[in-house]
Amino acid sequence: MIWEKLTKIDRRYIFLFIGIVVLLPIVFNLKVSVKISDEVLSAYKEIDNLPKGSAVMISIDYDAASMPELQPMLKAILRHCFKKELKVILINFWPLGVPIGAQGLEEVAREFNKTYGVDYINLGYRPGDVAVMLRMGIDIKKVFYTDLSGRPLDSLPIMNNIKNYDDIGILVGLEAGAMGDAWIQYVGTRFKQKIILGVTAVMAAEQYPYLQAGQIVGLIGGLKGAAEYETLVNIPGTGLVGMASQTYAHLTIIFFIIIGNISYFVLRRKGKKK
Amino acid sequence: MNISTDIWVWIAALLTLFIYSFLYKDNPFYKFAEHLFIGIGVGYTTVLLWFNSVIPKLWNPLVHGTSPMRFFLIIPILIGALMFSIFSKKNNWLIRIPIAIYIGAGSGLAIPLDFEGLIFEQVKGTILTKSMFNSFIVGFSSIVLFIGVIATLVYFYFSKEHKGFVGKTARVGIFYIMIAFGASFGYTVMARVSLLIGRMQFLLHNWLGIIK
Amino acid sequence: MMILLILSLSVKAFDTPNDGGGSITIEVVGLNGDLKNGYVYRNSMEDTTFELRGLISRTSYKYVDDGAENGKEYLYKVELEFDDTTLTLFTGPVSAKAQWYDPTRTSVLIFLIIFSGFVLWFIQLARKNPEGLFIRKIPALDAIDEAVGRSTEMGKPTFFIHGLSGITDAGTLAALTILRRVSSKVAEYETPLIVTNYDPIVMAASSETVKQAYAEVGKIDNFNEKNIVYLTYEQFGYTAGVDGLMIRENPGAVFLQGYFYAESLILAETGHSVGAIQIAGTTAATQLPFFIAACDYVLIGEETLAASSYIGREPVMLGSVKGSDYGKLFIMIFIGIGVIFATIATILNIKGNSILMNAFNTFMGWL
Amino acid sequence: MLQRRIPLLITFLTGVIIVITFFIPHPPFGKLQDDALVWYSIILGFSMLIGVDSLLRFHYRRIARREKGFGFSFVFYAGFLACFITGIISEIKFGDAFAEGTSFRYLYDYILVPLQSTMFALLAFFVASASYRAFRARNFIATLLLITAVIVMLGRIPIGAKIPGITPLTDWILNYLQLGPARGIRIGIALGAISMSLRLILGIERTYLS
């Protein structure tokens, strides 16, 4: 009798379990330890080895749909940059990602007491995709005359020593679409810019050829990558918490698969005996 | 506890819960969210299509353009207008004309692109085995991959009954296919759970303010 | 050092090959990694001013000037900045022109001819001798009749859910053929057939298809236009709408046909939760695993496309399936030979004979 | 008869012309493919109106006849009108409906996006229920599906990395074992699609005209 019930568990119980195991780590801030992969480590090292005061450009190429995976990456990288006293320049290639990027940047900057216009800047969005990327190779100020809130770039001290990609230590592209390819193709190859990509888990597999070819110097894939980066920076955030939820969710699914199979075999054996 | 005072956040949070209520069973809250979703969705795509497609591709070139070629754009307008013949009882066959053009153009575009983008890429990827001799494992794996491609293609070979050698190869093909399906199912689970985490963080952080 | 550099450097400007004109390529020959910046200037031979066009790529050492007028002659000036010096080189006159044939696409042309040849040949054969063509059974297809039968017996409606692709997608067209079969089965009974649509044109075509099928079995009165439902051109809005409809109408059989994205599993799980028999078919390779897990029968990829020919049982249609089978055979042999050739070439290359390897690489480049 | 012949002829001509232009870069042929795409989206614009019309009528009818659940049809109308009107106003006023602070943007950010992402996130639950039900070792094929799915699921989480062999095995499955069939399926679909396209151009497949 019990076995019959276990082969046909009402799916709402499964939903309930999944909901709970995902929810609890978030509420109670549970974490799991993650193993650092080579591609994330190399991304970390590239940023870590930049001399104090170098500029890191972070491009927000995602919107709300990919926020759960990419926002923790953004925050972890920002924390790393601010910890190492690097300058941060945020730009956007997805217009709908502008408020998301701004929110992450302001939040982390506040944690580190950084000053806008001196330690970091948000340039916002300019339409034109590849054309914008290419023109930034000549002069950033000629593309983004002002920052997000309309202040002229010349009035902000952070931009004094920054003209084009030559003055950018590393470019970090956080990608939910095809913009990463454009960064590599146009900015990576043409301007020899060092690039790190942070991508959604589904996209990660396709990026490995770039890594092997040395076209990107680091790759952070999905929530797992974000969790690894958080571990390296040693400031746990939503990535690690999310990873705990992930772990329990996966284990719950596997648990139900096992229950289903055990009860299935028990019933089949009983059926045979009869 | 630092619950949101923003009415918009409340709206978003309640709609989120309305959709989730569907997991338990159909109910008026879900129905509300569903109808709102369809309404907003239609309004949204209409506005989007109008301003991203009709205005820049039709209106601007026609009204502000200078190229003499721009008058060719009248053709798609006329063809498009034929779509409305669907409302006529007598002449509704005229809708077949835009559909015919659609299908002709679609097929014409697809044929070379399917060759170039799909078949050639996959064939090249299978043959190109430069690194095959680097190590035993890579060599062995490349053979496993090669057999996978061939056996799968044999499974999709419709001209022969699945018997004898063809049958056995097709059987190997279906083994491979199932392994691929299992792998891609397992691989996707993580991304799907991430979405749920995102929604929960929205509810707990942006709305209820329980977590940081 | 400097003299050597100057002696070995040269600039070439030429019409960009295989394009529709309007473009000139400038290439610096003999450079290596130490270029800092390379500026390209252009003079239209009407006056003496050179205008800045763009930057030489630091990896391919090329610049493609897409702003040239066909047939007009231009001079180019290239300024190369190195760490310690700047070098200016001139080239031209050169003009852009359009080509009539794109040789890089020859491989596509050859394959297209071979493949169309197979298809046309078998269609001819099928016309002459319709009995002589064998196409194996596709199990999921028989299930269509069974599912419709069971659903109508229970007095429940049948659902036909289109995917998200438009009318030009091969999967959608195959779906319409399957819809034809489903509707002529349902037409015989008095239970409704509900067709949900994402694309308005597909909706128009579906409506015609169903109406025709009902007319053919003489049950046109049973056809209800209201049951061909358009929902929205928004992925998850469509999903929400279809889910709601399914829960409320409680179908006995659900067909999910066409191109689906992530919504595949949401739809299939909802269909399963109302206890419907589900038959899915899609050319979306990424969504197949989810249909396999949640549906009773699945037409996997090409099976969907072949199914539409199979249903018609028209010899010419079957001929085209056969033609595409031979295309597959050709590709399998091609891959097989390719792998063997590559293996021999690599072994010889290791032993120091690179002729085969070079031939192989040239061929792969051509493909 | 003509009602079928004319569309078939049109399909044939457009199809053949578009295929040929793929090989000819010279104008006006080279650009024809791009032009075709522009036309395509314009015609799609018109077809969209048919869809909108169909929906508006459906819900109007429901309200007029007081059919079951007609109250929700008001919700539909409210959503549609709100989005449509704010979209047009925002576009005219700001030049871009998505500009920060437009009313359209609020509808997008706080209604459409949450609805989309929540609907999408239902998948987290459905992958669980589907795998519980489907992944049973009923036969050899089902067992293969089950085992690979579980291995890969384990390989994606940190605990999996602690079980020896799971991580390399997952990588191997993803990089080699599943790549072969994935390629085979894609080649098959492409060939099937090409032969479907040929059938359409030649007028053999004509369900769409039914």
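Annotations
All chains are identified by letter, namely A, B, C and D, in their written order; residue positions are counted from 1 within each chain.
The rule we apply is simple: contacts are C-beta pairs under 8 Å (C-beta built on N, C-alpha and C of every residue); 3 or more make two chains touch, one makes a residue touch a chain.
What you see is a predicted model; the values in this text were computed from it and never measured.
Think of the whole protein's Cα atoms as having one middle point; the chain whose own Cα middle lies nearest to it is B. Centroid analysis (C-alpha atoms only) places A farthest from chain C. The interface with the greater count of contacting C-beta pairs, when A-C is set against B-D, is B-D.
Averaged Cα coordinates give chain A a centre that lies 30 Å from the centre of chain C.
Mean C-alpha position of chain B lies 3 Å from that of chain D.
Spacing of chain C relative to chain D, judged by their CA centroids, is 13 angstrom.
Each of residues 11, 15, 18-19, 22, 224, 246, 249-250, 253 in chain A touches at least two other chains. Multi-chain contact residues, meaning those touching two or more other chains, occur in chain C at positions 105, 108, 112, 166-167, 170, 173, 201, 204-205, 231-234, 236-237, 240, 269, 288, 290, 292-293, 300-302, 306, 321, 328, 331. Among the residues of chain B, those touching two or more other chains are numbered 19, 22-23, 31, 33-34, 37-38, 40-42, 44-45, 83, 86, 98-99, 102-103, 105-107, 109-112, 115, 119, 123, 126, 146, 149-150, 153, 156, 177-178, 180-182, 184-185, 188-190, 193, 195-196, 198.
The touching residues of chain B, counted against chain C in their complex, run 19, 22, 25-26, 30-31, 33-34, 37-38, 40-42, 44-45, 83, 86, 95, 98-99, 102-103, 105-107, 109-112, 115-116, 119-120, 123-124, 126-130, 132-133, 146, 149-150, 153-154, 156-162, 177-178, 180-182, 184-185, 188. The touching residues of chain D, counted against chain B in their complex, run 3-4, 6-8, 10-19, 22-23, 33, 35-52, 55, 69, 72-73, 75-84, 87-88, 91, 97, 104, 106-115, 117-125, 127, 131, 140-142, 144-153, 155-157, 172-191, 193-194, 196-198, 200-201, 208-209. Across the interface of their complex, chain D is touched by residues 9, 11, 14-15, 17-19, 22, 32-35, 64-65, 95-96, 98-99, 205, 224, 243, 246-247, 249-254, 256-257, 259-261, 264-265 of chain A.
Those residues of chain C that touch chain B in the complex are listed here as 105, 107-108, 111-112, 134-136, 138, 166-170, 173, 201, 204-205, 231-234, 236-238, 240-241, 243-244, 247-248, 286, 288-290, 292-293, 300-303, 306, 321-322, 325-326, 328-329, 331-332, 334-336, 338-339, 342-343, 346-347, 350, 364, 367.
Residue ranges of chain C in contact with chain A, taken from their complex: 55, 57-60, 269, 273.
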